[in-house]
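Read through the structure below, which is laid out as structure tokens, and then see the notes.
For clarity, chains are labelled A, B, C and D in written order, and residue numbers in each chain start from 1.
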Amino acid sequence: MKKLINTADSVVDDALNGMAAAHPSLRVRDQVVYRAEGPRRGKVGLVSGGGSGHEPLHAGFVGHGMLDAACPGAIFTSPVPDQIIDATRAVNGGAGVLHIVKNYTGDVLNFEMAAELVDGVQVASVLVDDDVAVQDSLYTAGRRGTGATVFVEKMAGALAEAGAPLARVAGVAGEVDERSRSFGIALTSCTTPHAGKPTFDLPESEVELGIGIHGEPGRARVPMASARELAGIAMEAIHGELPLRGDLLVMVNGMGGTPLMELYVVFAEVAAFVKGKGARVSRSLVGNYVTSLDMQGFSVSICLLDDTLTRLWDAPVDTPGLRWGR
Amino acid sequence: MKKLINTADSVVDDALNGMAAAHPSLRVRDQVVYRAEGPRRGKVGLVSGGGSGHEPLHAGFVGHGMLDAACPGAIFTSPVPDQIIDATRAVNGGAGVLHIVKNYTGDVLNFEMAAELVDGVQVASVLVDDDVAVQDSLYTAGRRGTGATVFVEKMAGALAEAGAPLARVAGVAGEVDERSRSFGIALTSCTTPHAGKPTFDLPESEVELGIGIHGEPGRARVPMASARELAGIAMEAIHGELPLRGDLLVMVNGMGGTPLMELYVVFAEVAAFVKGKGARVSRSLVGNYVTSLDMQGFSVSICLLDDTLTRLWDAPVDTPGLRWGR
Amino acid sequence: METEVFTAWFEEAARLVRLDRDRLTELDAAIGDADHGVNLDRGLTEVCKALADAPPESPSQVLTTAGTTLIRRVGGASGPLYGSVFRQLGKALETPVTLAGFSAAFEEGVVAVERLGKAALGDKTMVDALAPASRALALAVRDGASVREAFDQAARAAEEGAKATIPMQARKGRASYLGERSIGHEDPGAASAALFMAALAAVVE
Amino acid sequence: METEVFTAWFEEAARLVRLDRDRLTELDAAIGDADHGVNLDRGLTEVCKALADAPPESPSQVLTTAGTTLIRRVGGASGPLYGSVFRQLGKALETPVTLAGFSAAFEEGVVAVERLGKAALGDKTMVDALAPASRALALAVRDGASVREAFDQAARAAEEGAKATIPMQARKGRASYLGERSIGHEDPGAASAALFMAALAAVVE
């Protein structure tokens, strides 16, 4: 394994220092990333967080029109309650705080503990669970939170920025999650700095279907295929749970080690599939947004837009990872 | 080799279709990427281009405040004169066209031929040659054009958008190039779709110093080292040719297969080096901007800013690869 | 059982986890995200530091300090889960500590995890090692076994419980995403739970 | 020499380059960017298509069509460079084509590349294969050799010239970035130039 790091133990802090140095709009304190300008009186605060290794998620989405604070944990390990408590207190502008939590046991437990322990702040929380690779049943921890987290953070952020009350922001955040689904395919495993070798072995001839964003192996393995076939597999899986119709927000997300050129090749196939179903690509994102360290592969995330959600998506955003309108 | 492609022969066209599908602000015609709205009367047109495989460069920088057209060649192969001629004619708003050419024999020859053959359009051209890994001597083809291309395209684009005449735009473009230097380090080789295997072999224990953006091997090989040491090597190489002073624009660029987290780790070291030299990081970019397919590694590019260049950098830009201010 | 025994328990657990850190991480790589060994190693190092910095006065304090530190430093699923085992155990433990008292308090700790994680025996989690250990302790108490025998039996039960997770299909936590592909691998949390019980058996000898 | 011979030349060159495509690309991988074989293969396929679509009337037309097609379809350094060799050769070639006339025109083509690429003998480029070939042709003409002998000697000279680039340090093109590390590898463009000359020798037999 070759990585641009100093030590496996310092990588998260070193990267946070780099973010602080690169983005004057951010402040890093006690492993929490904040907007430099601090909370705005009367605005609902948005706090998210999760294991590191998914950059730009979450810290790269802190800024105007999106998050107020992000709590990065160790690599692939959810943050601890202390971070979440600090963040929740710090971003509270008096209108309460929304916790945006990806549906993983660790994230859920730590955010729940924090929500119980923080007092004097009104806290609501939304669970993101968009990954159709996992059946949502009694026999699993439920669908994982992956790409749709970007949609939820962006749209809830826009609504909070517009001054909506906590209940409304939480409600729309939940709605965005319900209207979104994702599916991911890996060409290679990621390698965590501590483990130093690939989390799973994947031969040159095969790909892993329905992978998570922590190097969890997927549900199945199939022979390597063309971009068209792989995009088709992902889209059928999504279409099966979320029949495509009307205006769509479509994200083709890179897992971290896949070049942009290949993501555009995939996007062309995804767009063709959408057209074939009589739906329409109304908004799109192509690039690395919810990554899994150096994994090669992609995920597709789709949200069924309506006028409100489209307006919220188009609203100005100014973060290191997502920026337009200002 | 596993890549998200359909065929090695179709990858460039497939990716262009994806770009067109993802970005309504772009039009793709005869392997040239244009702004959808077409040329603006009286505005100097900016045309760049080069081999594909460096995405988002160049096509990702077509849009308001930056390029008017980009000519993507085959992978790592400069475009042909026909593309450049079409682009030059199409973007001419009557004020002439600037060719932004990276200094490689192929790019230079094809742009030169195009400039000779296109008639009725006033053409100026700027050569980008910022890579300090190559000595600029009689015994080489001269310094390569790499990361500084982004700086030149952005600042010249802002000036053209502001209505400056061709001579002025070309002059400032040249100035930006003169005030910029870059250095790149690879942890792995890239793999071209046609070759199907790494362009060069690099053992787990070594890194390649002073690599180009086409998988050209570098000038030397050294044992793998910490992010601090590798950033130091790159910065010393740059500082040796461009003594760091005053306000700097600093880009830590990923080669395509390196996760953002690692780029931030490198940025922290680069920022510390800059501080140590008594200079200041005034503006920065961290991410994949001038890539080399799936290569793992980074390059640092630095430009000595002055008030004019800072204003041009801050001016609104709206392209798939770079966006702010609108 | 004196306060020192409980401090020694976590020092020994930290030592065993450090030794087995890579094995735990590899177990987690197979059906999770390859961080369990790293997480626990980090957490137990912090626990030992906390216990050294402010030596607790009572067994109960050792356990609540350990539990709180794990919650504050580990993160992930195992941080809150192990944290609540030890916090609950500490809360319920009365001084002087008798074997019967420990057994009853330990059962409360296990129940706390089951509640927090909504996990039951057979879900392929740490519960599959902790619950059998608790049961073994209770039986040992009933049979009037010595402290040493009791903890030996608890350690053996935890170890067997961990191994018994191999054929199970995970229904909780990250491994559940794998569905049937989770079968055939030992659960990392169950494996680390067995280390905790082994550490306890070691320090009472 | 008739028009058909020149059309056959490019068909044979296309065949040889296709056969050696991977070798050329590997030579380019060692000191360049691993695309030379792919570039020329693409270009010569287009040349053959162009020659088939609109069969030229004269040798000169075959060569200018080939040169123009290479410029329009190849890109990179080799597209314009090979393109100008053949375009210049075509411009200078008079019908009926005699060996002496071809030799003189070919020399003009080589000079065109040297000028465009600012490359001289010893810079480790295609010039190191093309110039010796041109010289061999001139000598053959002087010595009254047959067309067949002349092109055999030109092919041999090009092949030797290509091999002679191995110990050279590149001063032009991408390979020059490598400095001393360019020593020890055959220049891909010189290697492909040798294929062009071999193809010519083959079709006049």
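We adopt the following convention: a contact is a pair of C-beta atoms (placed from the backbone, for glycine too) under 8 Å apart; a residue touches a chain by one contact, two chains touch by 3 or more.
None of these values were measured; they are calculated from a predicted model.
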- Query: What is the touch distance from subunit C to subunit D, in steps?
  - Reply: 3
- Item | Most widely separated chain from subunit C, with each centre as the mean of CA atoms | D
- Where the centres are mean C-alpha positions, what is the separation of subunit B from subunit C, in Å? 54
- Query: In whole angstrom, what separates the CA-based centres of subunit A and subunit C?
  - Reply: 32
- Provide the list of subunit D residues touching at least two other chains, using ranges where the numbers run on. none
- Task: Give the residues of subunit A that touch two or more other chains, as numbers and ranges in rising order.
- Result: none
- Message: Chain contact topology under the given definition, line, ring, star, complete or other?
- Response: line
- Note on the structure: Touching pairs of chains in this structure are A-B, A-C, B-D
- Can you check the complex and tell me which residues of subunit B touch subunit D? 51, 73-82, 104-106, 109-110, 113, 133-135, 138-141, 144, 192, 194-195, 199-200, 212, 214-217, 219
- Note on the structure: Counting only contacts in the complex, subunit A reaches subunit B at residues 1-7, 11, 14-19, 21-23, 52-53, 55-56, 60, 187-188, 204, 207, 224, 226-228, 230, 252, 256-268, 271, 281, 284, 286, 288, 291, 293-294, 296-298, 318, 320, 323-326
- Listed in rising order, the residues of subunit D that touch subunit B in the complex are 25-26, 29-35, 38-39, 42, 71-81, 116-117, 169, 171-174, 176-179, 181
